[in-house]
């Protein structure tokens, strides 16, 4: 389907993640919205328990550095946040979309668009560190097929870059990230 | 039963969706009401988890563009919204009623009637995009039997129209939609 | 047991429904009360998930036409509503008591008694339409045994009347209903 | 154990019920307390789902006739009600303690003691009717062994009295009850 | 481990209970704290459903006699109560710690220390009665090994004292209790 | 992965714990944050039931000595507390991280950094006592591999130190702790 092809303008609140499934790698889009509300968090798209916890860790991290990000500290009680990952019938799980979800939420809360050509993967911790994840080779190939030109990878996954076919490797810019801050640096439009 | 035949006046809050079951395609009616309340959402008619998430994604999308639709932004705390799909004993699931539920809710919230002769199918995302779904052939045949004359299909399902028998194809007007906006354009009475 | 025999005065908040079980048809009494409260809904009598959803659809329908029925619109937050179906140890399920529950609730909220000689069956939708249900023959026989003289059936069940033994058929008045409104017309004392 | 022997003064909020178990009949004590609170209902003693529903039906019935009973109508939000049935490790279920629980709660809310020599059994409906229950013979024998001298039975269980051994039958006074009101008449100290 | 040896000062909010497990008797410590809060009850230490109900019955009993105990009647909404039983990985259940939990909570709420040399066992009812429990022999032996010198037993367990080895029996003072009041009399420091 | 190597500055709210898994010992980092909120507690990182109860016991202990620790007594309703343990996909359970979680929370609430070279293990009770745990040998070896130089062990685990290889034992300083207070003494930067 054309849906998987990256196209169109940079958008606010939407990031491109990388999934690793039984049938190979795949791109997935994290969509977020934030509207006046009472502080509810809604997670849809058949996210498993680990993925939901990952989203919550990201939100707590954001709340702990709200000041620095220029986000109103009380958004947790004046805004409703919704994170959705199409395709809604496909179960998704694991911690590897942590940095992708966290970046999407920050984009929504700061109104800064996300660069359309960037994809990313990585578990995050409550301190905003980025931890290594699996399936780098398959994920990168899927991103390549979808038209991505820049991929943010956890620094601890550096050695996995060697496994990527040379023809793909030279068409994609790899950025090794250690923190959520590094991801924002490369993913958000300034 | 006569119940499945489309008849009567255009109504507010009711849309016709298309389901794909083991025994073939079927039409289903999405009924919505909105009454003064405290912001509760009630989903009945044995909707599965994916379908419920789909309804929630639709509502968040609507909230994010409430202004543009002319809907009061605080309906999420001053109105109770109920989505029901008869026949209440039949389990229903999947994301393909996304655009149908979203259109029904917008009809209720804006008091604009839905055209009785229109049916639709398609997953929606949090940004209001319409994604392709399965079972187009069976769904269209069911809509045809029920007296529908115009069907809204996801743009990415364009090639599936070829599989529909020619005699049916020439009696139904197909509209390819990319967004919820496209669906509203064709389904709501202006 | 004598309990199943219909007797006594017309009562407010109590209707007679018809159930279809493995061992044949049965009458069941829907009891409702409404007292000053905080808008809680209590459903007891071992009602299954579909039956509970059916009650909720009925309540939303009532709320959407509260004005027309002369019911205070804010009852959903100033009254507690309890629906109970004896015999409390017998599991009950299915959508066919929809119109019966809806009529009992309206009786309670409007203080209008229900005619003791009337029984009814039918699924309802959020718009107050009455849909056909199964087991008409067995249900009618049970109502007959219990002393019922008038039965309200979904219009789409008309053809099922032929299956009822002639001796029973001539002792009972059948009314075909298309909407909750039709049911109220025949069941409530004016 | 001596615990099962009925002894001591008439108490407020405690009634004697009759259970029918695999190993025969047994007496059970319904204990209730009511303290200033926020309207919480606590049910302990391993009560099954049907028994909990039975307690809730009793409470709704009491609320609907609070005025007549001289109970403050707003107790549902100013008092916390606790119903406990020792022996806490034994699972208990079924609707037959309905009238017993209802009587205990009314005793607590009206501060009227319950006669120590009275035991009772019977399902109740939301209108305060008493429906027949099973195991009358075994229940009566257990009450007799525990020292009970007066037993309240559902009127529809009248024929079951014949099955009770004559020597027991003549030592116990049986009262056939049709309503909760009948039970209060015989169980509460005036 | 030394942990099971009773030693140190009398403490507020801590009582010694007696458990009966597959591998014999064991002592267990009930720890309670009460801090300014909103009336939450937290139960930890892998307490089973019956044990949790037992704690709740104890709290309702305490609330019903708060006045007499000199406890502020509104503690249920101004204090948070936590009951914890180490060792946290071992599942615990049953009603026999009722009097032990109830005594610990009263100690916390009244600021009266519990005598270190006392252990106790017994189910409690909502009226504060103490009911007999099983495993007396094994429980007493475990208490003896832990250095306990005084054990409170339900009056209805009197005959079980005969089964305790004579050498143990003469080193421990047994007190037969009928009510929570009896337990407080012997366990709390005046 | 480099992630398991202890490095960097002393941090606030982060402690190093020791886990004992099927494949040997492992270090785990307890991360905590505390932000203005409404008193919510969020636990992520696939913590099992026992571990969650352990965290709650720690928090109640902290609340009971808030005054002594210089923590605002009302943090339970003005702050949201999040405890997260990477690696988020790995299930974790058991009570042995009790002292580690408790120390991390106190660090967050008092703004005192935790010494980077210290790791610890031990169940805690509601009174702040530290109880012995299993797997000491494997845990110590894992801490050693991660670069830890000082380990806090429950006093009742003293004899387990003998099982640690001599070469490791002489490179690590062991501190036997009896209470949370002892842990704070050695883990927090003064």
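Per-chain residue numbering starts at 1, and chain names A, B, C, D, E and F are given in the order in which the chains are listed.
Here is the rule we go by: a contact is a pair of C-beta atoms (placed from the backbone, for glycine too) under 8 Å apart; a residue touches a chain by one contact, two chains touch by 3 or more.
The structure presented is a predicted model; accordingly, all values stated were derived computationally and were not measured.
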{"item": "Steps needed, at minimum, to go from chain A to chain E via contacts", "value": "2"}
{"item": "Partner chains that chain B and chain F have in common", "value": "A"}
{"item": "Labels of chains that are neighbours to chain C and to chain F", "value": "none"}
{"item": "Equivalent interface positions on chain B and chain C, same or different at half", "value": "different"}
{"item": "Cα-centroid distance, chain A relative to chain B, in whole angstrom", "value": "30"}
{"item": "Chain E and chain F, separation of their C-alpha mean positions in angstrom", "value": "30"}
{"item": "Length of the line joining the C-alpha centres of chain A and chain C, rounded to whole Å", "value": "52"}
{"item": "For chain A, residues that touch 2 or more chains besides their own", "value": "none"}
{"item": "Arrangement of touching chains [line / ring / star / complete / other]", "value": "ring"}
{"item": "Ordered ring members, chain C first, chain D second", "value": "C, D, E, F, A, B"}
{"item": "Parts of chain D lying in touch with chain C, wherever the complex brings them together", "value": "49-50, 53-54, 56-57, 60-61, 63-64, 66, 73-74, 76-77, 94-95, 98, 123, 125-127, 129, 131-132, 156"}
{"item": "Touching residues on chain E, where the partner in the complex is chain F", "value": "1-3, 11, 14, 29, 31-33, 35-38, 42, 44-46, 80, 82, 84, 86-89"}
